[in-house]
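I'd like to ask you about the structure that follows.
Chain naming follows the written order as A, B, C, D and E, and within any one chain the residues start at number 1.
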Amino acid sequence: MESTNFLWDLFGRNVWTVLAVISLPLLFVLVYALIAILAELKISAWIQERLGPMRTGPWGILQPVAEVIKLLQKEDITPDQSSKLLYNLAPFIIFTGAYAAFAVIPFSSAFVPAGIDVGLFYVFAIGSISAMGIVMGGWASNNKYSLMGAMRSISQLISYEIPAAMAILSVVVLTSSMNMQEISSMQSGGFWNWFIFGGPGGWSKLWVIPFTIGLTIIYFIASLAETNRVPFDIPEGESELVAGFHTEYSGMKFAMFFFAEYANMFVVSAILTTIFLGGWNSPFGDFLQGPWWGVFWFILKSFFIVLLQIWIRWTLPRFRVDQLMHVGWKVLLPLSFVCFVAISLFAMLN
Amino acid sequence: MGLLNRLDDPYEGGGIVLGKVEELLNWGRSKSDWYLHFGLACCAIEFMAMNASHFDFMRFGTIPRTSPRQADFIMVTGTVTFKMAERIKILYEQMAEPKYVISVGSCSNSGGPYWEHGYHVLKGVDRIIPVDVYIPGCPPRPEAFEEGMMQLQKKINQQAIFNKRKRIELEDSTKDESNKES
Amino acid sequence: MTAAEIFEKLGSEFGSAILSLTEEPATDSFITVDPAQLFDICHTLRDEESLLFDYMMSLSALDLGENLGVVYHLYSMTHRHKIVIKVSVSKENPVVPSVERIWRTADWHEREAYDLLGVKFDGHHNLIRILLPYDWEGYPLRKDYVTPDTYHDMKVPY
Amino acid sequence: MGEIKRMDLEYSQLDSDRMRINVGPQHPSTHGVLRLEVEVDGEIVTEVVPHLGYLHRSFEKHCEKLNYQQIIPFIDRMDYISAMNNEWPYVMALEKMLDIKVPEKVEYIRVIVAELNRIANHQIAVATFGMDAGAFTPFLYYFRDREAIISILERLSGARLLYNYFRVGGMAADIYPGFKDDCLNVVKQVRKTNAEIMKLLIHNSIFIKRSANVGILTPEVAINYACSGPVLRGSGVAHDLRRDEPYSVYDRFDFEIPVGKGDVGVVGDCWNRNIVRVHEMEQSCRIIEQALAQMPETGDVKAMIPKRIKLPKGEVYMRTENPKGDLGFYIVSNGTDKPERMKARGTSFVNLSVIPEISKGYMFADLILILGSIDIVLGEVDR
Amino acid sequence: MFEYFKNIWSGFTTALHGMAITSSHIFAKSVTIQYPDEKLTLPSNARNRLQLEMSRCNACNSCAVACPVNCITVEGTRVSPDDPQQDVHWDGKPRKMWVTRYEIDFAKCCFCGLCQSACPTDAIKHTVEYEYSEYDRNKLLYKFQTLSPAEAEEKKRLLAEFRAKEKEKECSSTAGKAHEAKE
């Protein structure tokens, strides 16, 4: 596989470029998280006919900055009866899980931090690390609410991993590749070639389009659950469990949970963008196509999905634990199997 | 209170750089105050009204937190009874420094209407936790809540971090003193 | 049914346990009964076809000086009539039979009456304080109640 | 109807450890300072023990120490969400004892402000119920509308929440010019938002899944627990004092009593309790429209207010239909200007007592919804 | 089976309905009043901070009696006729009482408006002023008396002197009368 990292093409592989490659996504995560937090505050306000933060900079755009400054200054409390090591480790693990996933995300045709061939597999594996962090945090806090939140969270993550995996698997069946960069480049040539519309192919793909659209929706719903967003925010359900598994965390450790949540939102959106929405491809064929435009399109699409998640959060009520399991195992899983079989058939026929 | 609009330097030892850093830190703390809402009684309803669209408390950068660990200030809105007092103390102790308390309404200021015969009412929440701002009213208007919030922001902005001075006694210049003690 | 008719009916059934009927202009008419037989009377009040007082509006206790009184305001959802039943017991031994098993709503009302006035309800399954802390001393709504100076090191008076 | 049996629960055959969770007193969704001690088996509630009194403000003691006019501000602070409705039974009780006939216009003003406040109360009830289910946006839409009602009541009485507007024999102030138009605008807006909320929240599939078939309260249990208001009506019992014992001028209006019909879920579940409130808002709108049309233009609202209130010896129990149910005041007078004893039958106090009965065997998350559907105000529970 | 798909369908469509409604609100004009910059005009009868108009007050104590929470303290002393400083009320009538102490504790006040309606001279009134939060609770104790403590003492002393003089006069006149009667 050709190197798809422009930094390595330009400067060769040395310590400095590796560091640059590592820090670029980190920088992106931090900037993006600040924007996403602001977007969440502002969009929720607009939906509710309010204004949101207004008094921190013009139109409150510096609000996330102020929050970070404040969180840095907060006292860092470790509860007395907690398991100190696990308690302190948990936020780092969760953040690592979210951040490590960025390694294989193709931002552009010329930039993917680590273009490994089993990218999709890697994303899934690394995503489970954050589940471990949640359990550690919840258990080590020595708080009933934290523990219940963590247990709920873990059962939710495991249940929804399967429909999401089925959705991804069907794309793998279509492309016979797990390299995310390859999957992206396969979808070039206008939005009609995106996998949400069955991928590249002639008119024979028409019958498979409902199934691919269905899979996109299934993946989107499962991704909501994996990031603990409404209507699946049961682990942090304010009305029942004070703040879920991070009830006991304060200051910067809490900020890491906060950042990880938003980073995770971006990761799942980026995967959705890459495998179904054409990745960094322009929707209009060769129009505005190119490495730099690729970054633009990719971030635009991913951010659109993030906004969709925010929009849904402020619209829907939340599920109950057993209903969540019901939706996961009895609705999404069978449906994703049906779609998977249909797509496999299509792949065999072609 | 902007970032750079105070040019006079009140920091004798630290110099202007330290002063600016301190202002930045204070700015961050004052503009992003997450609160633990302690809704106890009538004032809590006005508090909900203040959070709603018409008054929109979030304009001040305040976000409600349900866990005391993540909160920067408590808003005690309502009557504190003896049964409740111990809980308030515990929750206050659970909060991470720096922490502030706003006492809202007559009841939490001094027992309010129940100060005389209320055998089960704590006569003022300041008997158990230190209060930074008192908002009078029974219940106060939502705007009065916001005014109290601005008073707290002012107080935070004037805090000294580096030279460990005691909290500056604040001169309240915005109020007209005409009604006060002559 | 009017209060007089109910009084007649109860009188024919319980005889001397039904003490008196009071009908005054500024007062809802009420029937005073003997606390010893209160439980049976209330059972009849609820289950008797022509009475059917299935809805207890309120249970109040009050300090009458020498005695403590308990007042039951009853209502029938089917016949839509009301009656007030009163009992009074001495302050030294304020024991009234509990009607919690007849009207479940009386559960908390009785606990409240116990909490604030110290009426002891015989047969209540869980007669503990409900509003005040469990370690509170005294019954605040009694006329001779003196507010304590401190509670758990917190000053009570202003 | 014999003794009520304790529900036999077969919630779980698994032999697992029970956990006791403390919900409250400071908890985001206990609607105040209620503390519930919940025993859960996994996620399933096996026992609920409510602990009250975290807002016990010695209301009844204050009544004995104050004279009759001074009690009204304290009554406002009982059910602080619907203060207008609270004052009404109290002044009616005193008027009954003093034998005062209030002017016609006063009756109509009372009906209108009480119904306006009923709408405001139900808006909060439905909004917070939605918030318990995780939907935050309907909460703010309702609060946006409530602000219009509050501003009307503020212009009438001078305060936003605790009005102190009723007086024995009259009102504290007359209506202002433009009052009718304001009320009609409110009615219009309430209907519009209700239609929106119906789509956004009430008929949302997730919301139905959450609240239907949960916390079922049968009519027999409801009556035995003396539940009232929407809690009782949600169980299908059409008991409404405005119709059953028409006080004031309620017999002149044409309105229906909404009951839980079970078109979604079963009769007596959380969804039905909630929908009763939404329908009641519509009925209140109808009453307001009729009352505005019938209200006499002239009349002195302060004409019958006595200078000093001194009740004859005696006692009275008066109840009216509060938004939450029957609110009763039992006043014992000893002939002075202060009551000998005054007991308030708190609606929420009685309605809340049914919680341990109906929440067993449901999930922990349901308990929060059941509590929300009962619509309690702790000021009235603890007094 | 049909039920199963119907459920999924209704879940999907009702969620879309909801999203349609919320999205229609995104571009609606917000109703927020940006408090410190713009303020609501309160109705004139709004019950907020109390204000005493000293020229109307005659220390009759009816507000303190009417107050359900006893947050008003009124003390007055009669104006001595030979006091060099004589005051008039707002309507030109001579002042009969000096208000030596008039305090309202806004940390206790319940803003019920009973004092306002009890006042015979409309001296005490609720205003529309609500922005007066404080860092110190004692500052919420508002003192409305215009006399300083020393002045109040002075007035009391003057009255006492006047009364003593009166008494003396009375004594002497009664003594004189008694003397006359004896004669």
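As a working rule, contacts are C-beta pairs under 8 Å (C-beta built on N, C-alpha and C of every residue); 3 or more make two chains touch, one makes a residue touch a chain.
None of these values were measured; they are calculated from a predicted model.
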item	value
Neighbouring chains common to chain A and chain C, by label	B, D
Shared interface partners, meaning chains that touch chain A and chain D	B, E
Central chain (by mean CA position)	D
Pair joined by the larger number of C-beta contacts - A-E, D-E	D-E
Farthest-lying chain, centroid of Cα atoms versus that of chain B	C
Label of the chain whose CA centroid is most distant from the centroid of chain E	A
Chain B and chain D, separation of their C-alpha mean positions in angstrom	32
Inter-chain centre distance, chain B versus chain E - centres from mean C-alpha coordinates, in Å	25
Whole-Å separation of chain centres (CA-atom averages), chain B against chain C	46
Overlap residues in chain B, where contacts from two or more other chains coincide	53-54, 56, 59, 66, 83, 110-111, 113, 115-116, 119-120, 138, 141
Chain A residues counted as touching two or more neighbouring chains	45, 47-51, 54, 238, 242, 314-316
Per-residue overlap in chain E, given as positions that touch at least 2 other chains	15, 18, 21-22, 25, 30-32, 34, 68, 110-111
Every chain pair meeting the contact rule	A-B, A-D, A-E, B-C, B-D, B-E, C-D, D-E
Interfacial residue positions of chain C with respect to chain B in the complex	131-133, 140, 145, 147-148, 151-152, 154-158
In the complex with chain D, residue positions of chain C that touch it	24-28, 46-47, 54-58, 60, 62-63, 71, 73, 77, 80, 84, 101, 103-105, 107-109, 112, 116, 129-133, 140-141
Interface residues, chain D side, partner chain A - complex	19, 21, 27-29, 43, 130-137, 140-141, 144, 200-201, 204, 206-207, 209-210, 363-366, 368
Residues of chain B that touch chain D when the two form their complex	37-42, 44-46, 48-49, 51-54, 66, 78-79, 81, 83-84, 87-88, 91, 113-114, 116-121, 138-139, 141
In the complex, chain E residues that touch chain D	7, 10-11, 14-15, 17-18, 21-22, 25, 31, 42-43, 45-47, 66-68, 110-114, 117, 126
